[in-house]
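Both of the next two complexes hold chain A, though its partner changes from chain B to chain C.
Here is the complex of A and B:
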């Protein structure tokens, strides 16, 4: 159900493009996605300085339930003003195990673009396509795997995500 | 299906925690996911020793069998391999485990022996002829005899799953009186990656008339419609995987399968028992 709602929101969101902030700006909001690589809804904050952007995405629901949680940082560079940004970053997925936790650390590459579907001035929406690859997974008393140590690459090493970020904020 | 979530956790987190039986995928579940060790005696020995808190991490072992057409013998292997050991050697190792282990499996009383019958008999992906189907089915039942005798001697409850992507092999197993004499037996249809990624993935309709108890599939490779079709048959599920990714763990929560077939038995056990 959650994934269907996210898909619908993204479909609505892609109907237009909103101009990017020309001045340094700060935003905070939610990050929703269609796949199950992370929780389907997380929280995030973003800073934009010209064409450069920085995002931190955290997982309050995962922290609260002490189940799986996924935290990440992303940096982006707008390929042209108010246009698509090239994104790169790092995600740490933490899974609960008996007496400990297991970690999957992933590099993220992606594209993101501002949207213009929201009517209020201090709200904005961004859509993103992300490709995450698990570079290392590790946990106490469990084998550590680096990507290049995998005997055979397979679908489990990669994750493709369609993301929508709904945020409030504005220029500093 | 057993449930472990307490009412408090249900209210707090809205979860229902699955508690599947864990199977040792391809007799190679030490967690290293070294594919070329799949279905080797060395990996089987190592896997039988994988433990969590002094108990086997798994509830059962999956053994793959290949009928080697050119050598006319039944092998313990993932694909046709000239130097593969006879399938009976794997059964003997498991029988020895049941006779000597203090605890036969994680759950302490039930051991699941899952035997997959691979459909290919030659290096050029040749399929079984009728005679080879019969010999392959007999081979599997010989393995069951070996393990069943050990289980009886050790006082262990044994469940046997005969699994294949080849409906003809399952029909051949199911029609044999020796199969029907197994007290706790299950027939399983096995679905891998969709065509053309793997050549031996069946269609569900291929199994028409086969009294399936179980369907095994990789949740990342099939559509929701496929899985809903499986659900309509009211069978139990085996979810198999390469590595335990967040998506796979989410699928376990979604489908609540009876069995999880994994190469990372310790990791999976510690996730389930968290």
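Here is the complex of A and C:
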């Protein structure tokens, strides 16, 4: 499902670029992805001030099921108005393990771009590519491991994701 | 000419440096890796015999088998089954007898040429309605498991085979209390023989201090092996298992992309699957 939505977004994206947002704006919507780094769909909110953006993404399904849930904050800087943004942020993954919860703290680096051609004025879509690396894992009664303490760097310490954000909102 | 040789040598070194597919110990899930896509063949003596007879490239594709035990409290039977839906009664000890016959035979009985592994998984329910063990049920079920262990150890000695027995209970208390039993042979019952305690990550009552990796290797009732299943869920859970520094067992019913991915990324010590031949071919590809 996530993969199809992202493919659709890419198709839409080649049709044009959304005009630059001149005034501060807020948006809220869903975040879907193709990989297994998090649940395939989460919810998010974004604030844009000129070329600067801030995102907060939460995981209602994960909170509800008490299985793995991932919460993150991202900041972005548009390399040119309404163009590709360089994104960086922090994700906290929490998951049940041996009767307690284990936390994985991940740094995120990525690129995101606005897409256009959505029919309604207050809707927008963004696509992003992100790379997350687990810097530390910790939890009550469980071992703490920093990235550099790992015996062997497995693929599981890294996560490459293709993300689509569908949002509603507008200028304040 | 010399330059060409150096280039070839460099290419060979690069090839040698490439990571091979994971070389896990391959176990036959539910004693059925001869009829992988037929769950009705799970935990049957016929499938066990067929699975033990499998060959791939002239040797057994597997390194061991899993035997499920189910205590039927109403009839006081220790069954070879994973639930009460099995249409015929077959006893867990009869499954052990098939394995001991195999161990007493000639020739290779494992792919890796090391110890034959037998995993004994004890189910939590003792009635079709899902009742838990009473004290009497627990004593009888554990006596059955210890009988199985004794017979396997005897056969290993008689057949001059190395043997590793993995003991798992759906409820962690089953395994914990087994090690306190007067008949418990210990984790190292003899040369070339080993008993390891295993838990599933979903085992009821499992806590961090159950793992030997987190509490020190000499914990007599500590869990040595942690089994997990890989599906299309977020993979942080599996990343967490590898941080526990315990030997992992990846188990699966049928192979899927997620299970192959988990085998490649998390390098489990054991893979417990009904698709053993497929997994062996994949590992050797």
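Assume the second predicted complex is superposed on the first by the 153 of 172 C-alpha atoms of A that agree within 3 Å, B and C clash if a C-alpha of one lies under 4 Å from a C-alpha of the other, contacts with A are read in each partner's own complex, and residues count from 1 in each chain.
The rule we apply is simple: a contact is a pair of C-beta atoms (placed from the backbone, for glycine too) under 8 Å apart; a residue touches a chain by one contact, two chains touch by 3 or more.
It should be emphasised that the depicted structure is a prediction, and the values quoted were computed from it without experimental measurement.
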| item | value |
| --- | --- |
| Superposed partners chain B and chain C on chain A - clash or fit | clash |
| Chain A positions touched by chain B in one structure and by chain C in the second | 36-38, 67-68, 70, 93, 95-100, 102, 104, 134, 137, 142-143, 145, 151, 154-157, 159 |
| Touching residues (chain side chain A, partner chain C) in the complex | 36-39, 62, 67-68, 70, 93, 95-100, 102, 104, 134, 137, 141-143, 145, 151, 154-157, 159 |
| Complex contact set, residues of chain B against chain A | 12-13, 15, 30-36, 52, 220-221, 241-243, 245-251, 266-267, 269-271, 273-274 |
| For the chain C and chain A complex, residues of the former touching the latter | 201, 205-211, 214, 232-245, 258, 264-267 |
| Residues on chain A engaged by chain B in the complex (per definition of touch) | 35-38, 65, 67-68, 70, 93, 95-100, 102, 104, 134, 137, 139, 142-143, 145, 150-152, 154-157, 159 |
